[in-house]
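See structure below.
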Amino acid sequence: MQQEPLQDLLSGIRRSVITNDSGTIATYIPQLGSVDPAKFGMHVATVDGDDFGIGDNQERFSIQSITKVLLLTRAKLEIGSELNKRVGVEPSGDPFNSLIQLEYERGVPRNPMINAGAIVVCDLLVELLDDPKGGYLSFVRKLSGCETIDFDRSVAESEASCGFRNRSIINLMKSFGNIRSDIEEVLDLYFHACSIAMSCQELARTFSLFANAGALVGSGEKILSKSRTKRINAVMQTCGLYDEAGEFAFRVGLPAKSGVGGGIAAVHPGHYAVAVWSPRLNDKGNPAAGFAALELLTDQTGSSIF
Amino acid sequence: MQQEPLQDLLSGIRRSVITNDSGTIATYIPQLGSVDPAKFGMHVATVDGDDFGIGDNQERFSIQSITKVLLLTRAKLEIGSELNKRVGVEPSGDPFNSLIQLEYERGVPRNPMINAGAIVVCDLLVELLDDPKGGYLSFVRKLSGCETIDFDRSVAESEASCGFRNRSIINLMKSFGNIRSDIEEVLDLYFHACSIAMSCQELARTFSLFANAGALVGSGEKILSKSRTKRINAVMQTCGLYDEAGEFAFRVGLPAKSGVGGGIAAVHPGHYAVAVWSPRLNDKGNPAAGFAALELLTDQTGSSIF
Amino acid sequence: MQQEPLQDLLSGIRRSVITNDSGTIATYIPQLGSVDPAKFGMHVATVDGDDFGIGDNQERFSIQSITKVLLLTRAKLEIGSELNKRVGVEPSGDPFNSLIQLEYERGVPRNPMINAGAIVVCDLLVELLDDPKGGYLSFVRKLSGCETIDFDRSVAESEASCGFRNRSIINLMKSFGNIRSDIEEVLDLYFHACSIAMSCQELARTFSLFANAGALVGSGEKILSKSRTKRINAVMQTCGLYDEAGEFAFRVGLPAKSGVGGGIAAVHPGHYAVAVWSPRLNDKGNPAAGFAALELLTDQTGSSIF
Amino acid sequence: MQQEPLQDLLSGIRRSVITNDSGTIATYIPQLGSVDPAKFGMHVATVDGDDFGIGDNQERFSIQSITKVLLLTRAKLEIGSELNKRVGVEPSGDPFNSLIQLEYERGVPRNPMINAGAIVVCDLLVELLDDPKGGYLSFVRKLSGCETIDFDRSVAESEASCGFRNRSIINLMKSFGNIRSDIEEVLDLYFHACSIAMSCQELARTFSLFANAGALVGSGEKILSKSRTKRINAVMQTCGLYDEAGEFAFRVGLPAKSGVGGGIAAVHPGHYAVAVWSPRLNDKGNPAAGFAALELLTDQTGSSIF
């Protein structure tokens, strides 16, 4: 990708999508509901270390479910086949927080991109790490190269006070023996991990790891094996956009993960990572303008994996 | 890909997987049950027109559900958004012939890679084509470059005589208004389309279209737009291996479609198509040795899309 | 029950409920849709041979699903435990024509009061009787004491031409091996059995068998054992009103069966049978005014089984 | 019923069923697992004030889910239509602790005889009563006429420490807004209510209320209206034996409620209540020998409601 044209391309994409005011902002906790719905940021970070951003690309927002990819990555540093017994890799075919499949499949979540699966990953991290929250935050800071990234404790506390659905999920898995640690400790890690605030620039740089065969762009430090990186990309591809993974593959064609804070992080293996932020969500819970922006990006650059 | 090493690689893969005698051959119709379970063929066809094959790569077998990709391709030549209203693009999360989601979602199949979705595609073709069976066969012959490819009428008749599950599916969709033509005529096309016999070589050449941005390798004739080709690859990626699409993405990392006749056809966009044949099926209904062979191929050539 | 007061009671009930014009008439076949929605008939037949009727109690209408009780009764004359292996006795918890439970429970219907269960009963009768349709009609005539009762062939033909949901159900059961005879022959019996036209008077007299421990009122001829009669009443009680069996037990408190033709037949064991006809159906598919009339009857006579 | 023959009948029933050692005792909490599996008690209490018992009919056991009928009764003293909005009266068609229907039906339990429904009833009692546990215990003591009946606190504490499934259920309902009070307070009432220990004699006397049109046998004090009594009996009939309500209606034919402590309490309206205790449970979670004993009782006395 060349610098000038890509910067122009991002400007054009922003102009196309910022007039899109469809969708509604998440309001189930006050902190998400108070964000300006008109925000729009987009940032590309290439494996060559180049960066291109537009709009509110340096403003931090709540990454929410995007954290699930990083939780999975952190867990993969510690454990291998153990993880596969406790959480699957298949798409769910049901909304992201459904208990139905979880009950039919006896407490083993379909994949680590839905709430139940990420909670099992948190259970593993609580078991393995001395300081689960601190250790996870250090890991995210290291991947992003930014030491000021932090939890938003008011977001985490709000989630904890209204997270009845997640408490239902973790208790159901505990009843099937698929949660080992204390429920409150596991949820505390999960709610904090979701509360992390990052900008599009920081997210794109963090996800460039997955475009770079598991090595940090810049230092070249190897974090993940090529094989594990490929597997994380595959899970994002098939399961990363809730009940809209197929539509996203169809229209965008990149592995990606979205969050109710309005962010999407996507990866073109071997080339670049991109993050986009737009707070209004479509009826499947995915950011509407961000989805459209990524479709324009891959159409105009011909950079789908398909 | 270089010729010598790839030929050697295929030989090595064959040696690795032919000792694998796990899984069982499909026996629900006599014609499938009488195949030698030890058969193994594999064939790669590149976008440069190179071919590499091993084992029983020139022996024809029943392509079964692999036909669904070609039915979808044929339908896309005729119709656009119409198709999207009548069949989705999301993974199903349930076994390939389940009526459960179909009932909850009021007769609109999840995607065109499951039986219900392929039957809706057949309904569209019956409505659009003067001679649906003849027209479809001509299309497959054209893509493959082989005029001797044909239906196996005894297979089609056997399927028709025992296809109660498919009759249940089509009647359910008809009750929701999502089938317009005569049920028997639609099923006749569907059962014939599934009965087509092709070799790995013929399948790989046929699927090289999807690796070549929609143009026939050799003549360069444009069959599909680049955008539609990308969408077909995306649907194969997320929905092509029944309830094992995630596992396949995780381990192999290519868009692909399997069939109960033991075949799998896969695509590396921009590079090659590959077909593999091994009649024994694992407990998810996918060819066991063929799955393993494709995993070795993408591992050893580093050619996953992820 | 005394004659004078009961006749007065029925008059009062009729006055109370005929102003109720909530609900809508079934229109999926033309013959049902052309009935006058304002019709209302009610008839009580006691085990002592007394009869009380009001309104359109002598006008015939399509008994539809009420036939399922009589199909089950006819089958019980022939077979015992065989039936229990092929159809259950538990309430379904899902709408009456759902395929979902049928697929989860591998083709064995929940009970003989839902379509799937009645179709299995028809399959048994086709296997056991030389002339299934003629034999069944003779049986209904005998129970009712009326030789002019007949199939409405235009209703049966209409049902056959639009019965896609029932065809879906029977093919699904056939795929699980729970249908033995030819599908068309079984459906032909089923659609004819549903098409029978009877009046409230004829239905009440027919169902007085179940109030009279299995013996015909009048002749005293024993048709069913006391134990089998009790079991049929129990199945009506728990499964007879589709997804509203609990509400009906709660408000009326009698074993009963409803049909989309607007009829309900109910039984007070040891005392009387009652039939009511009102064509408008509530949102659960049960006759609205008829339901209300039965609630008034059991409240005012104190004749609930509870 | 005459005294001598009924006492002899109970002796005969006991001899028939005590050799039945099928089924397994509940062991999910230690207190239930330590009970002698060979225990068998049975007690009949008539509306005339007569009592007949056999075996271990005076030994107390954990009433568990039988408490749900008494919770419902207590709630009905306070509230009317409010209850109907928050819990239904239809059979569930799924195992007693399933979350699946609860999610599809947006947090409104099918009926008050399943865990979810009884928990909603507890939520109402917590809201309405100053001392919910004390008030409920007083109510049970009053109905039974026995002031020594009490909670088994070690049972309640064991349930609380392993009740992950119930915590999953209550959090799911809370997420849908169908729980108003504090989760821990509601569960504390629920677990204590289930822990109450009573003998067959005490249970039969308590349930004789439901056979006596809502009045206490003996004093004649009116507790419930006739109409509410009828409704409680109707709910027991259609929903009282988990996923075996139909089979129980079919074979026994009385409104009843079972518990995993091995008890069943049943009612013949207008005549008698009966309680039976046998700790071994069949594969549906109902007491095996107790079920058989009740079938013999209604067969031999001809006292089914059908």
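So that you can tell them apart, the chains are marked A, B, C and D in the order they are listed, and the count of residues begins at 1 in each.
One rule holds for everything that comes next: a residue touches a chain if its C-beta (ideal position, glycine included) is under 8 Å from a C-beta of that chain, and two chains touch if they have at least 3 such contacts.
Quick caveat: nothing in here was measured; it's all calculated off a predicted structure.
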| item | value |
| --- | --- |
| Partner chains shared by chain A and chain C (touch criterion as defined above) | B, D |
| Farthest-lying chain, centroid of Cα atoms versus that of chain D | B |
| Intercentroid distance (Cα basis), chain C paired with chain B, Å | 48 |
| Approximate Å spacing (C-alpha centroids) for the pair chain B, chain D | 56 |
| Geometric centre distance via CA averages, chain B-chain A, whole Å | 32 |
| Shared interface positions of chain D, touching two or more other chains | none |
| Inter-chain touch pairs (all) | A-B, A-D, B-C, C-D |
| Interface residues, chain A side, partner chain B - complex | 88-94, 101, 110-111, 226-227, 229-231, 233-235, 237-239, 243-247, 249-251, 253, 255, 269, 299, 302, 304-306 |
| Of chain C, residues touching chain B in the complex | 98-100, 103-104, 164-165, 167-172, 174-175 |
